[in-house]
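Below are two complexes that have chain A in common, paired first with chain B and then with chain C.
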Partner chain A sequence: MQRHGGGGRPWEKSLGETAEIQRDDHAAVAQAPRVAPPRPPVSDAADAALRRGDFRFRIGPFATRLALSSPLARRDFRAIYGEYPQYPADRAVDFHLRIAPTSLLRRWVRPNAMVQAGIGNAPFVPLPADLGFLALESAMNWMVATTADAWLMFHAGVVARKGRAVMMPGLSGAGKSTLTAGLAVSGWRLFSDEFALLRPETGLFHPYPRPVSLKNRSIDIIAERAGADRISRRFLKTPKGTVAYLKPPEEALRLMDVPASPALLLFPEYRPEERARIEELRPAELFALTRSASINCDRLGETAFTAIADLVARCRGFRLFYGNLDQGMTMVGELMERVA
Partner chain B sequence: MTPRGLRLLRLALTRPDALPRLGGAEWSELLFRARGSALLGRLAAEAERAGIMGELPPPVRDQLIAGKRAGELSRRRITWEVDRLKRAFFERPVKLVLLKGAAYAAADFPWAAGRVSSDIDVMVDRADLQLAEATLLAAGWQPVQHSAYDERYYREWMHEIPPLRHPDRGTLMDLHHTILPLTGRLRPDPAALLADARAIDGHIHVLSPADMLLHSIVHLFQDGAIRGGLRDLVDQRDMMVHFGADPAFWRDLVTRAEMFGLGRPLHYSVRYAVRLLDAPVPPEVVADIARRFAPPAPLGAVMDALVVKAIAPPFLFHGTRGSGLAARLLYMRSHWLRMPPGLLARHLARKAVARLRPAR
Partner chain C sequence: MISMTRPDIRWHAPGSAGFIRRDLAGVAALHDPRSGETHLLDLLSLRILDMLADKAQTAGELAENLARELDARAEERAGLAHRVAETLHEFDRIGLIAPRADDPVARQS
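Showing the complex of A and B:
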């Protein structure tokens, strides 16, 4: 049995990279110019609950109980998650997370932020304190990816229109998050930019509308379309460069319990130097690509195999090569028309 | 007094039909602790056996479904690995004794349902060790990379060779030639364990019931650090329930414990399985074991306090009052039991120096 879970998944790699880059960049981060944090909100009940670890919120099927010790992380959290529903204290939660300095000393000297989740050998590493919010985001990714095996999960962006969903798997750098974000702010309903959640019993995709993580150049591209007020502050010098979060549109949160049936499986690749084109995938190829995008098919065994076979049988699949966001979005729209 | 987390787990094991009445906050804590103790699959198996899955709130049911799937995955892997072992040792006259999770699954004991094992443990006679190791290497297993010191630590002092890993399947295998470190205070005779092992499939064996329980016990109370060892205590309780149905079992157990010098750990296991998990051990057996093997009263009181604090993982949102200290003390105890003082001092000094060097 593998002591560290299934290897080679995209986020594990990025968590590994996180660890390495953090060690190297620690000094640089400490000296980096700080972005002025948003104005401190007045202290209130929610802030106190977050500090005490008595704060619960829900995103799609997953509820989290959370403690954030750093005031800056609490401000970031409330600026980005302020529109999400809180979760009643008398209901069972899925994840327990506490983000705090590794020691009392580290609250003041070279302050850091470390995730505690009650998981034995989770690969969490301390981050500089002003990246506390990123520690929370990567911890939630880890918890979902390693524990939520009631779902068949794919590393993919998902959006829907008229109850029909498009799943877009993609490795980091394929432009999956940007394309998902672009569609999400142009009338498509956002399900997720990271996790496609398929219920094996029903074959439906369920929304998990986390804030969309945008990197480097894509921040400006999406800010222009979404409005600057929908984008978080920029987190500089993270392991992935500059990162900012897009707050999901109001509709995505309002309808976060409404599933959709799969219609399209798209494999986008951002290739600005190539001719834009669409290639339909044959069933066997589509099955293989879809399977390899799955996070937990090995853990689900036959249940996953059957669910992926059903999914592939009900969808058409295409590879997209696109050179800019508008082109990519147009392709997705046209393909959706074609399968309607 | 039993802490609340243990009370909830005990309820789940003994009265699963009462689970639908738990409140959300209690479920959160129970699921958190079950996951932290690798008992989520076990909890799911109990809920399924009691037929109450449909009555549970959806977030609870989903977490139990995930736990159940983890148990099924572990079972599939063990079945496959045992099959590969049989193939590798086809026509090699080595008696292979599966230990722990692999044994429970291969012998299809009821408590194997939902149990997650991280690796495969196999014991052979020390005379067969070289042949067994060579056979595994020939079948594709590879030594996990480690330092020359680690190599010596395992080969000279431990009860197993350095772990092997299968590169295609990622499975880890521990090959044992006895059940406790060669350097420890207690040195049960491996020949007696092997002689009593029961064949389940060709030359695949499992330990006899009494030895199987004693092995789990030494793993937790003699060789292990106890911290987070709740799952082992649950296994022990399960064996007490299952094997204890035969009255001869208790007599065998005491005889074997006496013979191997494992009376003290047996006393701890029975005491805490009864006190913390309501194990149905006949009172006269509990009293007899205590009379023979209990430690002096002051030491017993210290163990009572430490074990209760350390055995279940602390809940993230409660104070961790004393559980860290208790765990550290028990960890020190496990090392003390493992090696004579001179060797222990050298080993710890060596590890401390290694820790100061930058990791490669």
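Showing the complex of A and C:
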């Protein structure tokens, strides 16, 4: 079990340690605090903690305390999050989540799973009990998006290579999660498929490597590359069709406290019926598109304006139209070389 | 929002000292902390805003001053005046400018 000592969280230390950008990930690892690799929790102890509601784990800068009442949800959670570091009991967490049936009756009759986050007017609805894990993922998305204003956040995938990050904003259905997943299992370090976290003070992206949500055909495409053992079971009949999760590569979790400098902003669109192409964006277009991808720029006001302007000033941006995953990945690699 | 059919209104940009700007290769990104809004302005719009920050002017005075500054030909002045009117309308709509508070014409509106 990986533990963190007192005196601030690891990413807060890394702000000072990694103020210099443009470093190779291997060098970053050598300079990062030496901690034992995270070990999967002992099944019975973890299961008991999840039932009791005092299981604590960390993903990047966010620590969560979790309760899961459903045995199936606990099994799904341990299968998908088993490699993530646990979090000390004596430290405050960012989020406290409970996934449980809406009533005692619903534990047995048409069982369901409902998120309890301790926040009134949260937009959660009960899901069938076998989708309890999806309820957890939705809850974590919502908690981060609505509360994590120490970060400038974008709805985007982020991967990095040699200390330099590419951010790929995109609406659902544009293919960014599949492209992010493909890159993550092909030598790029996964930061996130959903949330780009930018620290306004430093202009660096910080990892938030959640399991990557894959839908429908993308599941088999990524399973073929990553190995079936890295893909969760399939969750059927969700609002988005069939969903499965890619467990992040080991490197993504081991380096989850090591940020990267932004180098490239890409706006990918999966267009199999069109010819593949890139279109470079002028600075004003890039600013407008990047700002529109931000989740909390309105809440951050001037801080967000300055951070986005700085981001656009240091990165080139492109629309990327691609017809299949291999092509998209190749184009990302070539663009990264071009801006190096 | 005051009707743009009142050409004798003197406009100014009272919040301009607080605007935050960044240049984006010929387009200005401008953040107004009062509203939290961010706008993209082309060079002409930015110049109009700067002129109103320096001194309150009517639409006609602005167009005349701009025409002189840009050395506009006679046949270009009508188009420039139209562009000034459109820009003032938009700036008024998004709150970047306002009629001078002591302007008797504005008080009647």
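The definition used in the following text is that the second predicted complex is superposed on the first by the 297 of 340 C-alpha atoms of A that agree within 3 Å, B and C clash if a C-alpha of one lies under 4 Å from a C-alpha of the other, contacts with A are read in each partner's own complex, and residues count from 1 in each chain.
Everything that follows uses one rule, which is that contacts are C-beta pairs under 8 Å (C-beta built on N, C-alpha and C of every residue); 3 or more make two chains touch, one makes a residue touch a chain.
Since this is a predicted model, take the numbers as computed values, not measurements.
Of the two partner chains, chain B is the only one touched by A:D149; chain C is not.
In the superposition on chain A, A:G301 contacts both chain B and chain C.
Contact with neither chain B nor chain C is seen for A:A45 once the two complexes are overlaid on the shared chain. Ranked by how many residues of chain A each touches, chain B and chain C are led by B.
In the superposition on chain A, A:A309 makes contact with chain C only, not with chain B.
When both complexes are overlaid on chain A, the residue A:A67 reaches chain B alone and has no touch with chain C.
Once chain A of one complex is fitted onto chain A of the other, the partner contacts of A:A288 are limited to chain C, with no touch recorded for chain B.
Counting contacts as defined above, chain A residues 298, 301 meet chain B in one complex and chain C in the other. Touching chain B in their complex are the following residues of chain A: 1-3, 7, 53-54, 61-63, 65, 67, 88-94, 96-98, 116-120, 147-151, 298-301, 303. Note for the complex: chain C touches chain A at residues 20, 22, 24-27, 29, 31, 33, 36, 38, 40. Taken together, the chain B residues at the contact with chain A in this complex read 23-25, 27-28, 31-32, 35-36, 57-63, 65-66, 69-70, 72-74, 76-77, 116-120, 170-172, 228, 313, 315-317. By the touch rule above, chain A contacts chain C in their complex via residues 282-284, 286-288, 291, 297-298, 301-302, 305-306, 309, 312-313.
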